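As written, the chain order gives the labels A, B, C, D, E, F, G, H, I and J, with residue 1 at the start of each chain.
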Amino acid sequence: MLFHAQVVVHFPPTIDPALQAELIAHEIERGVELMQAGKLVHIWRIVGKTANYSLWKVDSHAELHTLLTSLPLFPYLEIALTPLCEHPVALQAATIER
Amino acid sequence: MLFHAQVVVHFPPTIDPALQAELIAHEIERGVELMQAGKLVHIWRIVGKTANYSLWKVDSHAELHTLLTSLPLFPYLEIALTPLCEHPVALQAATIER
Amino acid sequence: MLFHAQVVVHFPPTIDPALQAELIAHEIERGVELMQAGKLVHIWRIVGKTANYSLWKVDSHAELHTLLTSLPLFPYLEIALTPLCEHPVALQAATIER
Amino acid sequence: MLFHAQVVVHFPPTIDPALQAELIAHEIERGVELMQAGKLVHIWRIVGKTANYSLWKVDSHAELHTLLTSLPLFPYLEIALTPLCEHPVALQAATIER
Amino acid sequence: MLFHAQVVVHFPPTIDPALQAELIAHEIERGVELMQAGKLVHIWRIVGKTANYSLWKVDSHAELHTLLTSLPLFPYLEIALTPLCEHPVALQAATIER
Amino acid sequence: MLFHAQVVVHFPPTIDPALQAELIAHEIERGVELMQAGKLVHIWRIVGKTANYSLWKVDSHAELHTLLTSLPLFPYLEIALTPLCEHPVALQAATIER
Amino acid sequence: MLFHAQVVVHFPPTIDPALQAELIAHEIERGVELMQAGKLVHIWRIVGKTANYSLWKVDSHAELHTLLTSLPLFPYLEIALTPLCEHPVALQAATIER
Amino acid sequence: MLFHAQVVVHFPPTIDPALQAELIAHEIERGVELMQAGKLVHIWRIVGKTANYSLWKVDSHAELHTLLTSLPLFPYLEIALTPLCEHPVALQAATIER
Amino acid sequence: MLFHAQVVVHFPPTIDPALQAELIAHEIERGVELMQAGKLVHIWRIVGKTANYSLWKVDSHAELHTLLTSLPLFPYLEIALTPLCEHPVALQAATIER
Amino acid sequence: MLFHAQVVVHFPPTIDPALQAELIAHEIERGVELMQAGKLVHIWRIVGKTANYSLWKVDSHAELHTLLTSLPLFPYLEIALTPLCEHPVALQAATIER
């Protein structure tokens, strides 16, 4: 099942810059792993913000919660999830293409 | 350039059901055309709502405005656009895959 | 998978009272069917409002969308969905009870 | 009488991780006690958030206030309460089942 | 148990003035009945608005829902309920007075 | 003249617990004084929150400002005031009772 | 006692233009009367809006409610009231001037 | 040209009380100067808040920005400006008075 | 003096399409006149919306109010004005260019 | 392609004043560079705020993201971007001028 996530990163003003850089490096590494595992299916950066829109394909809600809370930046993330399903436009376009 | 759109449909309570059905049919037809043209690159239905998240790839802002206002349902749409760019996670994952 | 729904009913001021009564009767009938089918697992009325909190157990997002849009009052509903998973408190309490 | 609670945990960025872990352990312990006492009747985790939806069955408002303020995490909780009553759909479904 | 209610009246612009006057007269009549029955314990008009703050003392949530939905103006009311309990300041002041 | 106040207490996460306890004790003491003086005519605790609804009867706006800013917790309070007047329901009920 | 009012006029799109013009003419007439009576002490138009900021000097909340609800446009007004008192800057400046 | 300002003071919880008292004293002094110069034409305290409504008469936007940023409390102020013009009610009342 | 305007057009769903087209044609005509007169100095369409951002250069607030209320679409416009002044970046860049 | 940016600066209350002054000086320097490069085409200060409205002309979303994140104040900026296109009023006025 597919979820849309709006993810905004809020770093506290007092964060140590070295820690911040390390967390970001780990976050990217973990993101790449999740993409290769087919769990994180799309991710785009929102221009001018430390934020992204991403698409997640998971087998259960428990799995999604486990994946999101495993992110190194999780304590700094504000995540808004929206359940998605297939749109008739995409279904018809896919039918024609075949 | 890539845009994320959150699109919510607001039908007035007084709309004629036949007109509404006709507009929806034309909207889907137009959506399929735009997908085949490569302008509308993704579209997902938001569960429980007459709303979608979609991704648009256009050459200019003028083109995007023309495409959106050409939608048969445009007078009933509330559209929120967000400019997107590539995310380092997606870039690295793509590099590894090749 | 389990979803929490906050459902608010907005009747337009111009609705015909007979139609409104009929729609409400069908809505309740449909709700009872969905409870018996094990899809709607809980529903509570919010005091002082034409609104409810409900819990839905579905196999897929497509199924949830189909069920919600099948409700006779769907055109008048404002639905906010939240994906849920098991809470450690409930898991531990359940373990002790057994 | 039955209350719906939306509970969001806000830890200050400066909290000591050991204290935080200890508070969470006590919170879960206290939650299990309240479930066994029949006061906390349901609790679900909200996916991707340090938050829950819970259902409370209490004899008075004073009792509910005492229970909520007895939670080890109370100073960090943002709690929104909604009074609930039985929904005709649940009442009818229960009648049929018997 | 005691509830605080913020009640705002929203008349649609198309309402018939005679019907509106009649509904208001019935609303006041019903309010007086509920005060005499000890269910509505306080009611104040909010200056400059068609709105009130009121205090309700009821035996159950079901009773409160029944009372509120029995109001002649219910379809036009936006009601926000807040559960109340005794405040230590009021408790101590009451002790001293005796 | 009568005012409704919604008062929410926001303690900073860094506050010294001893200072906090002392401020709360003084706040209650001051509240009792104001009730005995007939200035604070009602106060109820909002269940699940460090907040109250209160009713104030004062001779002038200057007096109300002086009283509120004299509260030991004033620097931590978010206060929303609403001017009230008598409601026809309360007036009629009072007439009947006599 | 002095109140600040933010007043926004919301005409329904279906209002008869002749009625609207008549109501506005009466509103201005009534406003002039209230200024001459010393009740409405200041009124300014908000640029680009059908709205004003105004200052009201009244003897009681009941009087203010009566005055505001006597306005010909009252059914179309959204009024936000704020109680004011003297500011030390104005008090000191007034002392110097004398 | 005339501007309405809503000014709210937000002191950080960590501010040194001596510095705060000194800043407030300077703020009042500066306010008195601006009133005497005819730039700050009205100022009222909002009851129960560290906030004011004020009216400013300036020759240009640059002058208004310079005056507001010259306030000793400027780093702690949240300022909302609204351009004002004369209201027909005030104009007619002024004509009659002459 | 310079103002930034965010202008959103809200057509009621019941508007006659011929009237709407006529109003839009007059609005554009009037806008061109105001640009030629140097009052409307910039105007951009917001992509995907019936809305614009515009910059206005006027001699007084009264003039700005008169110009905005002279727009054929004024009854359907939601206008948010922000006073602007020169930014040091623009001033320095202009100095270098000369 | 053209973007409108609303940029608000939020300095944490604990920032070192020397660092703040240095960052502002670098921000202005960088802004002048970006104007000279034709990327930042307009910038206005919002009166009474540490905020600006600015217009950006870029070749791609990636370029815009790179430019905005290159700003010395970026960690303190809240940026809201809106894609713009040409307005018929500006197009017609430009045609006439030629």
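The rule is short, and it goes like this: a residue touches a chain if its C-beta (ideal position, glycine included) is under 8 Å from a C-beta of that chain, and two chains touch if they have at least 3 such contacts.
Worth saying up front: this structure is predicted, and the values here are computed from it rather than measured.
A straight line joining the Cα centres of chain A and chain B is 20 Å long. Measuring from the averaged C-alpha position of chain F to that of chain H gives a distance of 28 Å.
Each chain gets a centre from the mean of its Cα atoms; for chain C and chain I, those two points are 45 Å apart. Those residues of chain H in touch with two or more other chains are numbered 2, 14, 45, 47-48, 61, 64-65, 81-86. Shown here, the protein chains touch in an arrangement that is not a line, ring, star or fully connected set. Which chains touch which is summed up as A-B, A-C, A-D, A-J, B-C, B-I, B-J, C-D, C-E, D-E, D-F, E-F, E-G, F-G, F-H, G-H, G-I, H-I, H-J, I-J. For chain B in complex with chain J, the residues that touch the partner chain are 1-3, 60-62, 64-65, 81-86.
Across the complex, chain F is touched by residues 11, 13-14, 45, 47-49 of chain H. Those residues of chain C lying in contact with chain B across their complex are 5, 12, 14-15, 61, 64-65, 68-69, 75, 79, 81.
Those residues of chain J lying in contact with chain I across their complex are 2, 4, 28, 31-32, 35-36, 40, 42-48, 52-53, 82-90, 92-93, 96-97.
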